[in-house]
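These notes open a run of structures that come right after.
Two complexes come next, and they have one chain in common, chain A, joined by chain B in the first and chain C in the second.
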Partner chain A sequence: MKRPTFASLFVIGFLGLPAAGLAQGNSCLDCHKELDGALQAAAVAFAQDVHGQFGLSCRDCHGGNPATDDVDKAKDKSFKGAPKRERIPEFCGGCHADAAKMRGFNPSLRVDQLDQYWTSRHGQRLKAGDAKVAVCTDCHGAHGVQTARFPKSMTFPWNIPQTCGRCHADKALMASYLLPAGQLEDYRASVHARALFDKKDLSAPACNDCHGNHGAYPPEVGSVSGVCRQCHPSAGELFAKSPHKKAFVEIEAGECGACHGNHKIEAPTNALIGSTAGSACIQCHEAGSKAWTTAAELRSLLEEFESGTASAEVALDAADRKGVEVSEARFKLQDVHTILVSAKNLTHGLDLAEIRKAIVDGENALAEVEAAGQKALAEARFRRRGLVVATICLALLAAALALKIRRLKEKRMAS
Partner chain B sequence: MRRRSFIDVFFGGSLLATAAAFLYPVLRYILPTKALASSQKSVTAAKVGELPPNAAKIFKFGAKPAVLVNTAEGRLIALAATCTHLTCTVRYEADSGTLFCPCHNGRFDLSGAVLSGPPPAPLETYGVLVAGEEIVVARKS
Partner chain C sequence: MAKNIGRALFKFFDERFLLSGLGAFAGKKTVPEHQHSFWYFFGGISLFLVGLQVATGLLLLLHYIPSIDGAHESIRVIMSQVKFGWLIRSVHSWSANILIGVLFVHMFSTFFLKAYRKPRELTWMTGFLLLVLFMAFGFSGYLLPWNELSYFATRVGTDIAGSLPLIGGWLKEVILGGPDISQATLSRFFWFHVAVLPVVALGVIGIHILLVQTLGMSKPIGVRETREIPFFPDFIYKDALGWILVLILIGVVCVLLPWEVGTKADPLAPTPLGIKPEWYFTFMFTTLKLIPAHVLSIEGEQLAILGFLAGGLFWFLVPFLDRRAAREKRSPAFTWIGLFVAAYIVVLTVITYTVPGL
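Take a look at the complex of A and B:
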C-alpha cells in the first residue's frame, strides 16, 4: 500500500489545509460516527481511504471547518456538502485533473482521467443528462477509495469484472439501455477469466483492458483486432496477411471476435478449425467449397500432429514411471511442442504451404522422440524380463540348495 | 552323470546364473550415467570462450531447455528458456538483446521480465558460475 512520502507530507504541510484538520481533530468524523446508515458508513469507511492515508481530510473534498464541534460553525461558507451525482466527475477532477495538485501526492499518477471520462459512453450520457450512468464513485467507492494496486480495491484486476458487473449484469438496468446483461457471466466462462481468477494472473485482461477504464467504450468492429493485438500481436500480424483480412472487412466482421467470440473467449482448440460442428470456418464457408475442404485438411494435419505428440509424451511418461531416464527425449519433445504451438498460431495467416512445412519439420523431430520413447520402453521391458529371469534363477538356486542340504543329510546318515 | 555330480553342477550353475542375473540390473540401476531430470540442480552449460559476445546458447537443464546469454558487454546470464505463456522455447535476438518466443511473439528482457506479448509471468533466472574452463548454471533455490 502506498504511504505518504516525505515530499508529499511537506507539500501537504505547506498547503496547510489537511494538516490543520489533522492537528486540530476532525469533528466531521466524530459526529458522523455517531450517526446511522450512510452518514455513519462514510465516516467509518474513510479510515481505510487512500486519501486519508495521504493526509487529506473531509474538508479537502467537502469544505467546512472540522476544527469546531459546533455543527453550524463547522458548516461555514466553505462547506460544499455531498456533490450531486452529475457533479461527481468534476468534483473528483478538481484535484485529479490538476497536475500541480497531484504532483504533491503521486507525481506518476495520470491526470487525464476526467478528460477520458467525457469521451466514455458513461461520460457522454452523463453530459446528456442521464445521471444513472457510472460516475467515479461507482467504480472507486466514495469514502473507502483504494488504489488499484490494493487487492481489496474495487479496481484491482480480479475485482474489476464484479465492479463493472454491478451495473452491466443488472438485467433491469441494462434493459433500460437496450443492452445485454450477460457479459459478466460470459466473461467468467472465458479463458481470460480462468487465467485471472484461477491462476491469479494479473496480466490477464479484465473488462477495462479491452474497453478502457475512464474512457470505457464498446470497441467498434474495426478496432476489436487492435484491442486483441495488445496481447496477441503475432496472431494479428498473421491475420493481416491472410486472405481473411479483406473478406472480413467486406462483410464487416470483427476480425478476432468472428471466430473467437468476445466476452466468452474459450481456449482455442483444433475443433475451432475444420468442416464439422463447432468449427468457426463453417459459419461462412459452404459445405464442399474449396475453403471448406481446406479447413478440413488443416484440422486433420493439426490433429494428427498433436495426437502424435501426445502419444510420444505418453510413451515417455510410461518409461519415466518405469525408472528409465528420458530427459534427453523430453528435451527434444519441447522442440516438437514449440513447433506444434507455432503451427496452430500460423492458422491465423492461412498460408497452407507454411503450415505444412512447419508440421513436416515437427513430424521429423517427433519421429526422433517417438524412437527414443520406444527405445526407453524396450529398456523397461528388458529390465522386467531380467527381473523374471533373476527370480527364476533364485528359485532354481533355492531348489539346488534344498537338494544339496538333503544330500548332505543323507551322507551324514550313511556315515 | 551321478546324482551327486548333477546336484553340484546344478547348484554351481544356479549360483552363477543368480549372481549374474542380480548383478547386471543392480549395476544398471546403481550406476546411472545421467542424473534424473527433476533432481538436477546445476549443469555445465558451456565452455569458457565458447560463446562470443552478444550470443546465446540453448542447453538442456534437467529435461527442459535453458538459455545462456553472453551479453554484448560480456556478462553471462542464464534463464529458463520456456515461455510462460504456452511453454514454447524462447530464443535470443542479438539485435534487440532480448529473448523472443516464436509462437506468439512474447518478448522478455535479460532479467526475465515480460516486455510484450501474452506471457503472463517472467522467466525463471539461474545463477551462473565460471569454474575453471566451465560455465556452470545452477538453480537459485
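Take a look at the complex of A and C:
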C-alpha cells in the first residue's frame, strides 16, 4: 500500500475539515448572523448563553432542523418559532419546571420557579391577561442568559436593581398600574445600595432579597418586619418585646418601615430618635407626652456617648500623627464602638434601663480610651520637650567643641 | 591621694597594655589638612553610627521575640510600653539607614579622591566589603518586625536572588530556609543579623581601622598642601563635632518621625501594590523592572544581575585596575566611571519613588 503523501494529507486536511464542520453546523445561527436587528442579535448573544455552554442549541427551545441550509426544510413540523409573550413562562418552564430534565444539567437547581412565578404579582396579572408584566426573559434575557453567579448577568446582585428598574423606574409604565416609579432612585440613596455598589458587599440586599425572586410580591404590612429580620434578627426580637409592637399592629404601621422607610433606608443616625424635627418618634408622639420626653432623653444619652467616642478618636489620631504608638487604645475604641452600636440597637426594645446600662458600660470603656489618648498626647509633649532640651545641650556641646577646635588651630598657627 | 591612685592604676594597665606606646603613637599621628579633608569625617561618622547600632541593637534584644507569632507584637510592645523603647527602636532603624547613606558618601568620596591607590588597596577592599555587609544587615533586619511591608519586600528581594543563573533556586532556598518565607526564614535572618554579621563586620571593621591608623589618611593626587594637624586631640575633636551634629539629626527624626510598626504580615494576603525594597536596593530593583525581558536572547533579569555582580567585582578591584592613580597620576577615566555609577544610583533611586507604577 502506498503511504499518503504530504500533498494528499494537505488536501484532505484543507478541504475535509470545513466539510466536517458543516456536518455539525447550526444553520439557524449561520443565517441569523447574516440578518439585521433583533434577529441577528439573538444569534450573536447566544454565544454567551448558559444554555449553549450546556450543549443546548436553538432546536432545543425552538424546534426545527438546524442541520439543513434550506430555510423551508429547517422550519419543519417540529419548528415552534418564538413563543408569544404570555406563553414564555410555560415555554421556559417546559424544562425548568421538570426535575427529570433539569437533573441532567444541574441537579441542585430548583425547579419550582414556574410555580413561584404564578404566585407573584407578575404571574397573577399575566394569568389575568396582562401581557405587559415581567416574564422570564425580562429579567434573564432571551438569548444571552447567564447564571446569577456571572457578574455581567442581569441577575447578579449588583445588576438586579437595574434589571427591576427597567420596568419599575419607567414612570409611564408604572402610571398605568397606579404604582410609584421612584423605588430605584430611592434604593440607590439607601445604606443597602452603598454596601452593594460602593463596598461591593454581595450580601447586601437588592430588590429580590426583600421581595422574592420568581415569586416577587410586595411584602404585606405585617410581614415587613419578618423580611427585615432575615438580616437584622436582633433588632426584630427587641422590637417584638417592645410596647411599639402592639401599638404598630393596632395602627397597622409597617413595623421597621414606619421609622426607617422602605426603599430609601438611610444609615440610622441619632437624629432618627428624639423630639426634634427629623425624628421618627414625633410622627406619633405629641410634644410633652411621656414618650416624647423619653425619646428626647434617649437622644441625649446616645449623642453624649457618641460625642465622647468621637473626641477620644480625635485624641488618638492626634497622638498617632505625633508618632506615639496607640494601637492598643484603638483596639479598645473598637470595643466602645461595638457598645455604641449595641446601645443604638437596644432602642428597638425601648427598655430604658437596659439602654442606660449599656451606655454606662460603654462610658467605662470609653474612659479607658480617653485616658490612653491623653496619656499618649502627654507622651508626645514629653518627647518634644525632651528633644528641645537634648538639642540645646548637644548644640551647646557642639559650640564648645567648635570653640576648642578654633583655639587649638590658633595655638597651632601661633606656634 | 587620688593622684597617687590614678598613677598607680595607669602604671598597672600600662605594664599590661603598653598604653605609653599607644599614647606616643597617638601623640605623633597627624592627619593631612587640605581643601578636601572634609570628606575624611565620613569614616568617623560611620564608626559612630555603627556604635549606635550595636548599643541600640543590644537593648532591642531584651524585648524582641524572633517568632512569626511574637515578632510584630514584641515590636509593638517596644514602641508603646517599654520605657524609651520607641526611642531605642527608632534610633536603631533611622541610624541604620543614615549609616548606609554615610557609607555610600564615604565610599564615593574615597573613590573620587583616589584614596584607594597603593598602599591602601586593602583599606578600599575592606571598606567595600563593609558596605556589602551593612546592606546585608539592612536586608536581614528589615524582615525582623514581621510587618506587611517588610514581609513582601523580603519576598521581592529573595525572588531576585532566586533568578540568579545556575545557583538561584538553591540560593533562594538557603536564604529562606524553605520554598517560601516562614518561621525558618525569620529564625535564620535573626541569626544572621545578630550573630553572624556582627562577628564578621567587627572583624572587618578592626582590619579597616588598623589599616587606616597604620597607613594614615591618603592625600589626593596633586594636592601640594603639606599642612597637617595632630590626630589627637584636633582631629578627634572635629570628628566628635560631626558625631554630635549627626546625633542631633537622629534625635529630630526619631521624635518627629518615629519608625512605624506597620500592619502585621499576612502571608495569605495578596502582595500590596507598589511594594519596594529598602531605598538602598531600589537602584538594582528598578533596573530589573526596566530591563527588557530578553536582551540578545539572554534573559534580561539574569543579564542585569550578572551585570551588577561584574560591576561589584570591578568596583572591588578598582585599586588594581586604576594603574595611573597607582603612579600618582590623575585618572579621569575612573573619575568619569565613578560619576556615571553615582548618577546611575541617584537617578534610579529617585525614579523608583517618583515614577508612578514603579
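The rule is simple: the second predicted complex is superposed on the first by the 368 of 415 C-alpha atoms of A that agree within 3 Å, B and C clash if a C-alpha of one lies under 4 Å from a C-alpha of the other, contacts with A are read in each partner's own complex, and residues count from 1 in each chain.
Following the convention adopted for this analysis, a contact is a pair of C-beta atoms (placed from the backbone, for glycine too) under 8 Å apart; a residue touches a chain by one contact, two chains touch by 3 or more.
This one's a predicted model, so the numbers in the text were calculated from it and none came from an experiment.
Asks: So, A:Ser342: does it touch chain B (first), chain C (second), both, or neither?
Replies: Touch partner of A:Ser342: chain B, not chain C.
Asks: Looking at the overlay, what does A:Asp186 touch: chain B (first), chain C (second), both, or neither?
Replies: A:Asp186: touches no partner chain.
Asks: Who touches more of chain A, chain B or chain C?
Replies: B
Asks: Using the superposition on chain A described above, determine whether A:Ile405 touches chain B (first), chain C (second), both, or neither.
Replies: Only chain C is touched by A:Ile405; chain B is not.
Asks: Scan A:Asp201 for contacts with chain B and chain C and give back first, second, both or neither.
Replies: It touches chain B, and chain C stays clear.
Asks: What is the contact status of A:Glu86 with respect to chain B (first) and chain C (second): first, second, both, or neither?
Replies: neither
Asks: Is A:Gln334 contacted by the first partner chain B, the second partner chain C, both or neither?
Replies: first
Asks: Scan A:Glu363 for contacts with chain B and chain C and give back first, second, both or neither.
Replies: Touch partners of A:Glu363: none, neither chain B nor chain C.
Asks: Look at A:Ala390 in the shared chain and tell me whether it touches chain B only, chain C only, both, or neither; answer first, second, both or neither.
Replies: both
Asks: Share the list of chain A residues that count as touching for chain B in one structure and for chain C in the other.
Replies: Residues 323, 325-328, 383, 386-387, 390, 394, 397, 401, 404, which sit in both footprints.
Asks: Which chain C residues qualify as touching chain A in the complex?
Replies: Per the stated touch rule, the residues are 76, 79-80, 86, 229, 233-234, 237-238, 240-241, 244-245, 247-248, 251-252, 255-258, 261.
Asks: Can you check the complex and tell me which residues of chain A touch chain B?
Replies: It is residues 195, 199, 201, 203-204, 231-235, 237, 323, 325-328, 330-331, 334-335, 337-338, 341-342, 345, 383, 386-387, 389-390, 393-394, 396-397, 399-401, 403-404, 407 of chain A that touch chain B.
Asks: Which of the residues in chain A come into contact with chain C in the complex?
Replies: Per the touch definition, chain A meets chain C at residues 323-328, 383-384, 386-387, 390-391, 394-395, 397-398, 401-402, 404-405, 408-409, 412.
Asks: Considering the complex alone, what residue numbers of chain B touch chain A?
Replies: Within the complex, chain B touches chain A at residues 3-4, 7-8, 10-11, 14-15, 17-18, 21-22, 24-25, 28-29, 32, 34, 36-37, 60, 62-65, 82, 86-89, 102-105, 114, 116-118, 120-121.
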